[in-house]
Amino acid sequence: MNEMYSVTVRDHFMVAHSFTGAVFGPAQRLHGATFVVDAEFCRSSLGPDGIVVDIGLATDVLRAVLSGLNYKNLDEETEFLGRNTTTEFLARVIFDRLTAAIRRGDLGTDGRGIERVRVTLHESHIAAASFEGGINPEILKSSNPQI
Amino acid sequence: MNEMYSVTVRDHFMVAHSFTGAVFGPAQRLHGATFVVDAEFCRSSLGPDGIVVDIGLATDVLRAVLSGLNYKNLDEETEFLGRNTTTEFLARVIFDRLTAAIRRGDLGTDGRGIERVRVTLHESHIAAASFEGGINPEILKSSNPQI
Amino acid sequence: MNEMYSVTVRDHFMVAHSFTGAVFGPAQRLHGATFVVDAEFCRSSLGPDGIVVDIGLATDVLRAVLSGLNYKNLDEETEFLGRNTTTEFLARVIFDRLTAAIRRGDLGTDGRGIERVRVTLHESHIAAASFEGGINPEILKSSNPQI
Amino acid sequence: MNEMYSVTVRDHFMVAHSFTGAVFGPAQRLHGATFVVDAEFCRSSLGPDGIVVDIGLATDVLRAVLSGLNYKNLDEETEFLGRNTTTEFLARVIFDRLTAAIRRGDLGTDGRGIERVRVTLHESHIAAASFEGGINPEILKSSNPQI
Amino acid sequence: MNEMYSVTVRDHFMVAHSFTGAVFGPAQRLHGATFVVDAEFCRSSLGPDGIVVDIGLATDVLRAVLSGLNYKNLDEETEFLGRNTTTEFLARVIFDRLTAAIRRGDLGTDGRGIERVRVTLHESHIAAASFEGGINPEILKSSNPQI
Amino acid sequence: MNEMYSVTVRDHFMVAHSFTGAVFGPAQRLHGATFVVDAEFCRSSLGPDGIVVDIGLATDVLRAVLSGLNYKNLDEETEFLGRNTTTEFLARVIFDRLTAAIRRGDLGTDGRGIERVRVTLHESHIAAASFEGGINPEILKSSNPQI
């Protein structure tokens, strides 16, 4: 059976947004949220220093990704035009940006060993959403990552 | 590698019960518990509104399922006769009722896309139990769900 | 030395807002927050039923107060014109509305025994604000509460 | 202005009970609860070892007090006959038993310096109750504590 | 799709240690940590008593494993010579000791049904690490486990 | 009755230390701890910006104070020679350093309005300690604070 190590770091961001669609009820109005974010980095063996990833780098990269969203009105961000910035959608956005950072080498040598990432956004004490997925090793070895 | 989105909602219920079997020690006496329940709904892609499931419906369905157990003495419930209503057993009961609700369409159109459910019951600050499993797509498409 | 009982109930609300003043840095932009609210009701002795307050009523009243703020852009609420709706300011607003509800009798007979209220708003996993104060017994007995 | 040190230890107990009175609604039925208990011991200066109280003794005494309630049906306990064992009532019961233990010297030499105790019972992720009060220094010096 | 039950118990330990390698920055100095440990035991069906594992035994075994580390300077433990006792490394150490206990039968008859274990160490409110893996059934049936 | 606003910020630090005295049992050995710190700043009215204190400054000042302790072996710090660096003692140390920062004006204009500070250190999921006290207004107005 497969074995897996992980390291998780937590940070948060605070945004305004509104949703389109009757399913959202009162959340169709402009409102906002604090998202407390857990970013979990997974690999099946440890690097030579005995770590999954440099936790300092992981913290910095997560903060950098979240600062691209923090203190914003997501309704005005052109990259999200026509999309509902739901908690699950934002979990995917953050996953994509973290994995792009891994491919760029921003998480260092150990970061290149990461095989899987799980991003969880807690929007209140009673609701959360997550996205998790693997990192294609071929893409990792590629010299020109796309994202 | 497989990708997965999830949405989790939290609620609680409070019951009395007792257990049968020497392994339970003092818990063989009639006692009780608060169970704080996390219901996690998983699917590999988002629906057209950008959601895993209507979180309002998910909250309502979880509350409805828990209200069938809340403020009861489980020792007197005929459906549990001869069974130990342990935390892990109750996690399965709630899983079965939530997935039956999904099959009935109680979680709406988006809810029909749910592929997997994980139910976690926190019984104290130091103990929890969970059950998770998939939802058979064939059964989902069936016109007469059994449960 | 003085003795005190308390009962605390928790709920949350989600708003957009912006702040005015250089001290707020990037929070001068329109952004948002989830506020997880703890409302603590205090009295020095229990009522005849052995309670501080009917916890069902306390939960309902807190929800009613928060629904007056939930899913709103506070910048557009006329009652907050020219004010910074900081976490500590909002704690006071909620305190005022809860204590007004107590004076109106919305928390029932037991609620009339409440002597002190503390409202805490958690805006993230690393920041919170609160307001607490007493309830003037004279005002409580008054037939025409002002708020 | 007054200064205060405190040490808090956490433990839990699980009981069945029912309530009498229309105010309790469905909680009039036999049900149960997990109570996660925070016992906070306060004093205005530290003892010679630099502590409020021996935390090992505090943990043991809290456990002993809770074991007198744990895995019981409180409706059958003669000491609670005719009383509603609400969360706030139980906070007071535990306060009384902890302060009696302090007077007996069960918390050691440092424990005799404790001036105030606060007991908080968390009954779910959204509800808690507490009782706090002082310890009469005269009674502490008394050679025959009553409780 | 595969189904899985789990039971999780929580405890903690407190150690001093230092790390070797520039990646650790100031953590190369002798410092320390509290590790709050969640040990999750997984199996695909329940035993005859309706449990994953005797939670009392699971709690005792976790405590025994952690007491082998608690209140120690890990830099002076010969078994860790030349290793960085990172959070992820310690998660694996605890996993190995828990699964060895399972193989020895310390978790009782039900414990022999455990198929997978996940160990998570929370080192602060913003960082955690984990290790999970399966338990080889062949090794389980073996009469002389190695560890 | 007195009214009070507060703002709380959270951070952490990780240290090694040992204790002297039989009361500490195994904690007499060199071990360590993570301390998650809540610093609560209190005042009876809000400043002109509607805040208790600039939360950015409060966060920075708390971080600066904790960085003076973080990743250290407290047994080797000359300032703590002959003292047991218990959790309650460290709460007082941090209180003293935060209030000195307030007196120096490090928390800005709003910070000068702070009347009371409470510092809580969580050393595990089951234990915490705190120190709280007032800030002498006379000292605040003094041109040469002593600490």
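Structure notes:
Think of it as A, B, C, D, E and F in the order they're written, each chain with its own count starting at 1.
As a convention for this text, a contact is a pair of C-beta atoms (placed from the backbone, for glycine too) under 8 Å apart; a residue touches a chain by one contact, two chains touch by 3 or more.
Treat the numbers as computed from the prediction; the structure is a model and nothing was measured.
Common neighbours of chain C and chain E, listed by label, are A, F. It takes 180 degrees of rotation, in steps of 5, to superpose the Cα atoms of chain B onto those of chain F. Shared numbers divided by all numbers used gives the overlap of an interface; between chain C and chain D this overlap falls below half, so the copies present different residues.
Relative to the C-alpha centre of chain C, the farthest chain centre belongs to E.
Comparing each option in C-D, A-C or E-F with A-B by residue number, the pair that reproduces over half of the contacts is C-D.
Distances between chain centres, each the mean of the C-alpha atoms, put F farthest from chain B.
Remark: chain D and chain E have CA centroids separated by 33 Å (rounded to whole angstrom). Our note on geometry: chain A versus chain E, Cα centroid distance of 27 Å, whole angstroms. Touching of two or more other chains is recorded for residues 10, 125-126 of chain D.
On the side of chain A, the complex with chain E involves touching residues 1-11, 46, 49-52, 54-56, 59, 108, 110. Residues 21, 23-25, 83-89, 91-92, 115-116, 125-136 of chain A are the ones that touch chain B when the two sit in their complex.
Those residues of chain E that touch chain F in the complex are listed here as 10, 12, 14-17, 26-27, 29-36, 70-73, 123-126.
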